[in-house]
């Protein structure tokens, strides 16, 4: 789960992380009042994507007219802060990470300034290849770390730590030396690094990124921008974090899917996919991409209905898929295991009947009681196209979608 | 001969009295697995009645199950308590722990991994279909009937993809020695390399089929291992070749970040390790045939 | 370091351990007032030794006249509590653990009562043989655990836990089943056990004993009596615990030694010993016991002056030894290592001169520059008896002590 | 031949620039130990000047010392930072860590013990005099000159008692193969059994002298090990036979609680393992002679 910058800072504050004073605001008036506390202040739009400083704020979701150049602004007066806020609030911020869409700005974080000596990159994440958490630091603060990794990997230092004990002093010290820090800077770095690691472990975070972590002219470290994401599976033990979830930032279909324990990811194509099992669902997305190509078809989504695909779940999945207006056909790919194919066929047919499905439906079944399942579909009298195997299903779906689109126009 | 489980396996089911545990325990018993009882704290001393009418003892602790002869356990305990259940089995001396439960917090699994380093227990999963030696022992939730005793060792990060693979290797007439679903979580027990070692050393396994997916680098490391240590023919498949970057596709492990974990990198690693790559999900059985020169 | 029962409870309270309400008091008036809150109350004298309930309170340190039978009393009214307090405060409590001495009672803890269903023994300590902490529980609550260990060891259950993660749920559960607990009792036991383990680990405790841990008729667990000791080496990170140290409870000589980084333990004999190295000091105590026997001599103390035995340290050690009126002779046993024998001899001679030592001093030197050291002592003109080896030193010390005692009388 | 340290040992001193570290580093250099430099965070890049006038580099991290060739370290770091220093050496790949520092909290040492289980590093101490192979390498604070190359392997829980033992084995003409002071703390690195294994396998060690003390049960366990696995003659001594119960005599480990750790139990265990017991601290050298039938 993601949270906004200001929320991650509220969490880090509990661990005494070094932070500048800041106030989250939702109106331009609040912004002006908040900025009065600081004189000079930084006006930061709060959306879930990175690259805000270099992004562009547009007046409308279609990103036609520019409202402001940059989603993070230094304001030299409360009035200026207010003016920036007016150009941000309710508007749409597009960054390298939001892709072709813009994200609406609903909250602004007004933050104090500090005197920056130098900027560093600092993050904590799980290194899957060794199943251990690690700290990653770089002298290239403020830059996109993947760019740094590509252009100057020697400037990135990684260090694994024991999740049971956290970051040891000698480990934090080693990182400090690798960053070229000296004297009191080292002490302050160790303190900050240990605080951040403790916050990461305590909150079941799966990514804590501070970019930049700045060294002030007073040799202190300061968390300037921070990003935290959390392990969804562990949210039950952090109700105060769970309630920070901002559903307005997420795709409504994905929200509905999550709320119903379905794994759904929206993609750009026109073939809605419903599959049981994450691996098979991925393979189905692949197959649609490959076999659908000659008909300009592509997968509209990834959707894993999980093990127990009953009629209720199938209906819910169909509804989520059909929310997407670009879907021209649905491909169902089920390997019946414990759940038998005839039961699944029954569920699919029931859903089709109740929902009065108007777009082509292609069904590929395999596994337990496959013959019974196929027979039920054939005899149902409904317009359901049976596929022999997955390539066949993809081709049939792609063709049917092309025809449907032609007919619909 | 087989890998990890066979007729001598004596299984205890942690969470037997739950809905999911009870359902799959019946399935396992029907397949012929020697399930000796279950652990459900607070219900010790009662009996669990199988669909067949047989009764199995319920214990309060895994320690008691081990005293009764259990040497393997399968975990159907809800996510908040699952890691503790695994730790209990490790400490009680269980040597093979198959964890079906999904949605276990990463931090819990890190503690489990830590405990595994001190003990010679083997963990499969979590969030996996389990392990089966066809005709001998099934521990997990896979449909037993599609399996057939044979020669292909199957190892997979995903469940239903395994079933596709099993189905096809059965259909082309090879059958399976043992199938292991290692699960799609980022922190797990057995990984590809561990399974490849077991298959390489198992005389009954004549071919290996490895089903990977995007995310992480365990397929790449497995390919490196195959290059240097595996002499048996290997076929492979990667799911997620057309997945968008930065999106998590169902499995917590299936996410491509930057240049790490891409399908391209994994397919290249497979090719360079001499693995026969299946062209699509329909080609799994035939790829094994091609790999073994048939 | 030891603390009083009420102090250990104040520490445990921070971890939300289940405790009865209680008030520490130092006057009978306070006791009466405190007891008014509870109606019936338990009046507990606070000394560092166990076995208080079965001990005896005497009016004077020589333990001649009995003031009260038992150092823990159930009072059915505030008046009765006050009467008990008057019999305890300022008086001397002797228990099986205080030996032949009595400990003065300066504080009384007034505690509420509860309805006891059954009593258990619960402790957490380090198991040296495997270098891991363990929980030890027994159904024989309220009894001396060493007695239980001897008479019915099958009633004691031990369980090691990982100090990095604390007690796991399944471990606490296993203990609960071993104690024969049922239903809600198990949940409450798990909660209590985990709290106690967390307190033990967090505070660098080296022993946390709850005896009895009682199960109330409401199925709750309650810490009825608790004892905590702490790792002296870790006190620097627990200043709030370090300041609880009650020097009045300790031997003043031992306190002075600890404050000066000397290891000193008072024994019952008449030969003061000053040795470098803990092992050698122990062996010296042994040798004095063995070789001194025929002259009725025995070691008066264990004293390790450590590695750098300079004149200052030697003087301090002599002063501590001489505080004990039963000392009739001092035996110095030094193996010169890095610190050379001549330097040590110089320190000893200087101390003898400055302190005008009046009792016999026997010195055994070995190791680096032993000949120079012996020569310096021989030529000093001071009454210092040189010994060839340790047995010789013990015999000479024992003889000299016997003669000194005869002369002194 | 010898145990753990010899002429090939390249030592780094953690805390070299401190008073104690500096003093003993000079002593070690004078004995002939190959001390290649020191680690003192914040002083990296400077040089430390030995009494001889030689200069040794100071590094900020043990990692740098290892890069410069160090394969052993000696820790003179103050107690609050000592466990971290040990962990740093373990993580940097040092294979032998000798910790002189005393008064390290038990909980810190438990974390160190934990880390040692994952790594093949050997820890001696804490709170110990160190290890010496006479004539080759001395790591610690023992007076070098009393040692003589020879055949007795000495292992001891206490410092000055070791010196007595060394002195006497030198005087009776046997000399020492290697002497290890394992320290008196309750949680430590090498214990008696580990050292006994090393001595049993070392062809240069012809006799073993084991110096124990009251408290704990490591002497008892060592005697059990000797009974079953040690074929060389063993002499032994226990300090604290006349110590009062429940009192801590200097060493944190030297405390008798109930029937555990008494001198009586230890002496009986020694006798039953066929160990020749020294009658008093003067009898150590002769006891070794008696043990070897001389």
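Per-chain numbering from 1; labels A, B, C and D assigned in written order.
Operating definition for what follows: a residue touches a chain if its C-beta (ideal position, glycine included) is under 8 Å from a C-beta of that chain, and two chains touch if they have at least 3 such contacts.
Quick caveat, the model's predicted, so the values are computed rather than measured.
Peer 1: Hop across touching chains from subunit B and tell me the fewest hops that reach subunit C.
Peer 2: Minimum number of steps from subunit B to subunit C: 1.
Peer 1: Need the most distant chain from subunit D, centre defined as the mean of C-alpha atoms.
Peer 2: It is A.
Peer 1: With chain centres defined as C-alpha means, what is the inter-centre distance between subunit B and subunit D in Å?
Peer 2: Distance between chain centres, rounded to whole Å: 47 Å.
Peer 1: Calculate how many whole Å lie between the centre of subunit C and the centre of subunit D, each centre taken as the average of the chain's C-alpha atoms.
Peer 2: Result: the chain centres lie 29 Å from each other.
Peer 1: With chain centres taken as the means of their Cα atoms, state the distance from subunit A to subunit C in Å.
Peer 2: 59
Peer 1: Give me the residue numbers in subunit B that touch at least two other chains, ranges are fine.
Peer 2: Residues 111 of subunit B each touch two or more of the other chains.
Peer 1: Counting only residues that touch at least 2 other chains, which ones in subunit A make the list?
Peer 2: Residues 162, 164-165.
Peer 1: Which bits of subunit A are touching subunit B when the two form their complex?
Peer 2: 126, 128-129, 131-133, 146, 149-150, 162-164, 201, 204, 206, 231-234, 236-237, 263, 265, 267, 275-291, 299, 302, 304, 307, 335-338, 366-368, 389-391
Peer 1: Under the definition above, what is the set of subunit B residues touching subunit C in their complex?
Peer 2: 41-42, 44, 60-63, 81, 84-85, 87-88, 91, 111, 115
Peer 1: Residue numbers of subunit D touching subunit C in their complex, please.
Peer 2: Interface residues on subunit D, with respect to subunit C: 23-24, 27, 79-80, 103-111, 113-114, 141-143, 145-146, 156-164, 167, 184, 186-188, 211, 213-218, 221, 237, 239-244, 247-254, 258-259, 280-282.
Peer 1: Touching subunit D in the complex: which residues of subunit A?
Peer 2: 162, 165, 168-171, 173-174, 177, 183, 186
Peer 1: In the complex formed with subunit C, which residues of subunit A make contact?
Peer 2: Interface residues on the subunit A side: 162, 164-165.
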